[in-house]
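Below you'll find a set of structures to go through.
Paired with chain B in one complex and with chain C in the other, chain A is shared by the two complexes that follow.
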Partner chain A sequence: MTEFLQLLVIGLLEGGLYAMVAVAMVLVYKSTHVVSLAHGQFMGFGALAFWFVLVQLKMPIVVALVLALCFAAAVGWAVERFAMRPLIGQPLFAAFLTTFATFLMMDGLFQLILKGESASFAAYLPLGSISVAGKPLPTTQLASFGASLLLFAGLAVFFRFTKVGLGMRATAEDHQLAQSTGITVRSIFSYIWMLSTVVATFAGIALANVSDIYFTLPYMGIKGLIVALVGGLDSLPGALLAGLLLGVLENVSAGYLDPIVGGGVKEVAAYVLLLLVLLIRPYGLLGLVRIERI
Partner chain B sequence: MLQINNAEVIYSDVILVLKGVSAQVPDGRIVALLGANGAGKTTTLKAISGVLRTELGEVTDGSVELDGKPIHRMDPEEIVRLGIVQVMEGRRLFEHLTVEENLLVGAYMRKDAAGIGQDLAKTYGYFPRLSDLRRRTSGYLSGGERQMLVMGRSLMARPRIMLLDEPSMGLSPLLVKEIFRVVRAINDEENVAILLVEQNARIALSISEHGYVMENGRIVLDGPSERLRENEDIKEFYLGLSDKGRRKSYREVKHYKRRKRWLA
Partner chain C sequence: MWRPCGIFDETYRQDMAIVRTPLRWGVLTVSVGVLLAAPLFCSYYIVSVLNTLAITVIAVLGLQIVTGYCGQVSFGQAAFMAVGAYSSAILTEKLGLSFWIAMPVAGVITGMYGLLGGAPSMRIKGFYLAVATIAIHFVTMWLVQHLEITGKSVGLPVSPPQIGPFAFDSDERMFYIIIPVMLAMTYGARNIVRTRVGRAFVAVRDNDLAAQVMGINIYYYKLLAFFISCFYAGVAGSLWAHYHGVCHPEQFQLLRGLWYIGMLIVGGLGSIPGVFFGVILIRALDESVLMLSPYFAQWFPWLGTAPAAGLGLSAFGLVLALFLIKEPRGLAHRWEIMKASIRLYPFAY
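Moving on, here comes the complex of A and B:
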């Protein structure tokens, strides 16, 4: 039983990170209907920017965080302005492929900068561990999880109570109608991309905090995509639910099945979950079901 | 004053929908635009509001002018800021937002928080029903409530000119009466000019001061509404009365008997 509890807690902590990655993608999909593959790179570059300011320039952590998030917003703005905006009115598939091209380009750049090494900023943060159910948990993991919960709360407040948040929700529903009520849909798209790269950077820093920056970091974006699909591509609560679910499922299944099949369960669990969810609920666990009065 | 000068509209570079439409909406007046389905009424409204351009349509000739300044090359959101708001047909709402949020989206481009609060209260004054429903998800509203909400939403933009597309469609006669009472009140009290597209010619001509009749992408007839009400062709084809002024018996309907005079 304690073993199960431990796996559950670790799973929840990891799941919080998955959820953050997924949320960044959901934001973009919800408003612009573009499925973005580039978000893994936004995570990687965000973490890299944070690392650069914190470790290379030896700035305080708050400065590093602010600068990294500003950098992220700039990247988001640039991607929207130069890669996505020219494609407005074109088939969505073109936009989808453009995000893939963006991923590839940034991937090359990422490896060029990192040169196959790994970067770590864990040593610059207060370390330690607390004990949960008899097992020590590193504070870095707890901090990352806390950050992800904070982020969700922040987003919920933002969408519920701010004007731009309202404009984003309206735009997500109907572009033409939003435009005819005076919302500048193009600038909403721009804000959305900036917001989502900021969220992705947040996720990237939280992830790198747990597992260092390595060339595999951007590929966590694939996990994020799976979580987004499982939760429903247009549902923020869905992303949170699916993220936590996947984290728990991975760890619990690995904990019990690995000794039997000889390892690797964790790598497969996400795809099994995705397959099952897509078969049973193709629009995701909490995906938007259009309101239809009968 | 809103003016459409000989506007020609082409969709997708090939489909000619408006073939030179001219009309005007003076400040603070109600103007009716009548015509059968497919005549080009909605396209005319879209050409004014700029929504046309999001549907691959374009004003290729002529112009749409507000106070003498051309607006037909502007984006819809800019045109809204000039005070021209289209209430689109089909009562389109942001269905997953609440009633109040829908109204607030209508005031999205405004910066005066105090004024928005006042207008919200005013809108609830015009449509008390919406006040009861303010926290309700708007996707579950009935047809009449939806009509009130789309009109309320455009009122929140504090418009100069409202383009109203078929407000009576599918509503009970009582509700139609109520909606048009509010249309008149909005025109009276807020001094909003209204360009009204309607299938219900009787009510449209009774509320408006001037009327235009469209057919096949052209304006075929126009004049003061009381004169249009007396026009034999209008009576026959839009009000369903024969030349003797009594209700037409469908047993005697013979379309070839009377030819629309404007076709001659």
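Moving on, here comes the complex of A and C:
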């Protein structure tokens, strides 16, 4: 039983990180109806910028964080301006494939910068572990999880009380209606991409804190996409729920099934879950149910 | 069927022929002849490039049928190729069948597996299906790496094809298996897409509701498209395994399936010649990056000593994005425009 509890807690901690990546994708999908494959790279590059300022330039953490987030916003603006905006009016699928092209382009750059090595952080968060119910929990993971919860709270406030946040919600409802009430949909798209890359950068930094920056980091974006799909592409609470669910499922299934099949269950559990959810509830756990014939 | 001015089909046979005019026969005969004679005057390296190109063409032809004609995007072609390669390897090495039986059987096995891969298309479409195929890729490759019969992460050795004592064990010899198979598969693809089945695929792609109203069983045709596509992938995988002499999970990574989709977009969705354009252009891009990368490493020392992989990926992504934004119909569309303007020369229209 204690083993199960420990797996559960570790799963929840990891799930918080997955949820952050998924939130970044849900933000973009809600307002622009574009499913983005490129967010894994935003994570990777954000973490890399943070690492560069913190470790190479030896700046304090706050400066590094601010610079990394500014860099992320610039990347988001550039992607929206040069890859997404020319495709307004084209089928949404073209935009999906363009985010895929963006992923490849940035993946090449990422590999060029890393050169097959990994970039690791010196410990900037308190190391060690806290004992919970007699089981040790690593503090770095706890800190990352706490950061992701803070981020969720911040997003909730942003969407409820700020003018831009309300404009984004209006745009998500209906582009033409939003435009006719005086919201500039075009700049909202731009803000959305910037906000979503900032969130992805947060996730990237939190992930890189747990495991170093390695060339596989951008591929965690696929996990984020799975979480977004499982939770429902247009639901922020769904992303949180599905993220935690996936984290727990991965760890619990790995903990119990690995000895039976000989390892590696963790890599594949997410995909099996995705296939099941897509077959049973294609719109996700909390997503808006669309009525259409397939 | 659209015909240019001055071309009259007088008989039914002439109207239905795939290669219709004497000029086309001439061009086709000469180019196939030159291609088949290539090992006589080309270097070893070029022959090996041609072999890889031809195998890629077969896999991308399959993708063209399911994605370009039937409109169901599949990122999982690499995993389907792996299924073909491994089943061919198991059939020849463990069951002792000859390559000539194993290759088509591997194709059919992969096609059956593709029915499994196409099953989600009953409930989902568009990018949902695309992501589902990514999931299928990972599940397949996980199985390949964990089952006893596929040699786990070590892979399987594969022996070259044989006719009696004659073994096709060099690049030049394999060339004479791969190229005819590619030609036959191209002929097959061209035929499929203009039959009743092919027209049904196009109807499903263009408007699935309208297709259903016209009495097309959408789900049946989607599955059929997946079957045909995976048959192509299986044959390509079988050739790949026997050409390289080994099956290894590293050969069939997700990135390969992504490249194939990219080739398709660059070449043009819904066009058989487009497959050739896309495969050749992307390969040429890759080769030129490979050739230029030492200079890049000299000019920009921060790139490191081996920038080829990263540079190639970036260049590919850039070309893909440019095509999606500037020329979404791909090179095949340019090719049609060029043919029309040559035919009409010196008039504008």
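The working rule: the second predicted complex is superposed on the first by the 285 of 294 C-alpha atoms of A that agree within 3 Å, B and C clash if a C-alpha of one lies under 4 Å from a C-alpha of the other, contacts with A are read in each partner's own complex, and residues count from 1 in each chain.
Here is the rule we use: a residue touches a chain if its C-beta (ideal position, glycine included) is under 8 Å from a C-beta of that chain, and two chains touch if they have at least 3 such contacts.
Bear in mind that the values here come from a model prediction, so they are computed numbers and not experimental data.
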Which superposed partner A:83 touches (first chain B, second chain C, both, neither): second
Partner chain in contact with A:216 - chain B first, chain C second, else both or neither: neither
Which superposed partner A:180 touches (first chain B, second chain C, both, neither): first
Chain B versus chain C as contact partner of A:162, first or second or both or neither: neither
Chain A residues touched - chain C or chain B, whichever exceeds: C
First (chain B), second (chain C), both or neither touched by A:96: second
Chain B versus chain C as contact partner of A:104, first or second or both or neither: second
Touching both chain B and chain C, residues of chain A: 293
Residue ranges of chain B touching chain A (in the complex, touch as defined): 49, 51, 54-55, 75-77, 80-81, 85-86, 88, 92, 94-97, 101, 104-106, 108-109, 137, 139-140, 153-154, 157
Chain A residues touching chain C - in the complex, by the definition given at the top: 35, 83, 86-87, 90, 92-94, 96-98, 100-112, 115, 222, 225-226, 229, 261-264, 267-268, 271-272, 274-275, 278-279, 282, 293-294
Chain A-facing residues of chain C, complex: 73, 119-128, 130-132, 134-136, 138-139, 142, 145-146, 208-209, 212, 218, 258, 261-262, 265, 303-304, 306-307, 309-318, 320-321, 324-325, 328
Chain A residues touching chain B - in the complex, by the definition given at the top: 163, 166-167, 169-170, 173-185, 288, 290-291, 293
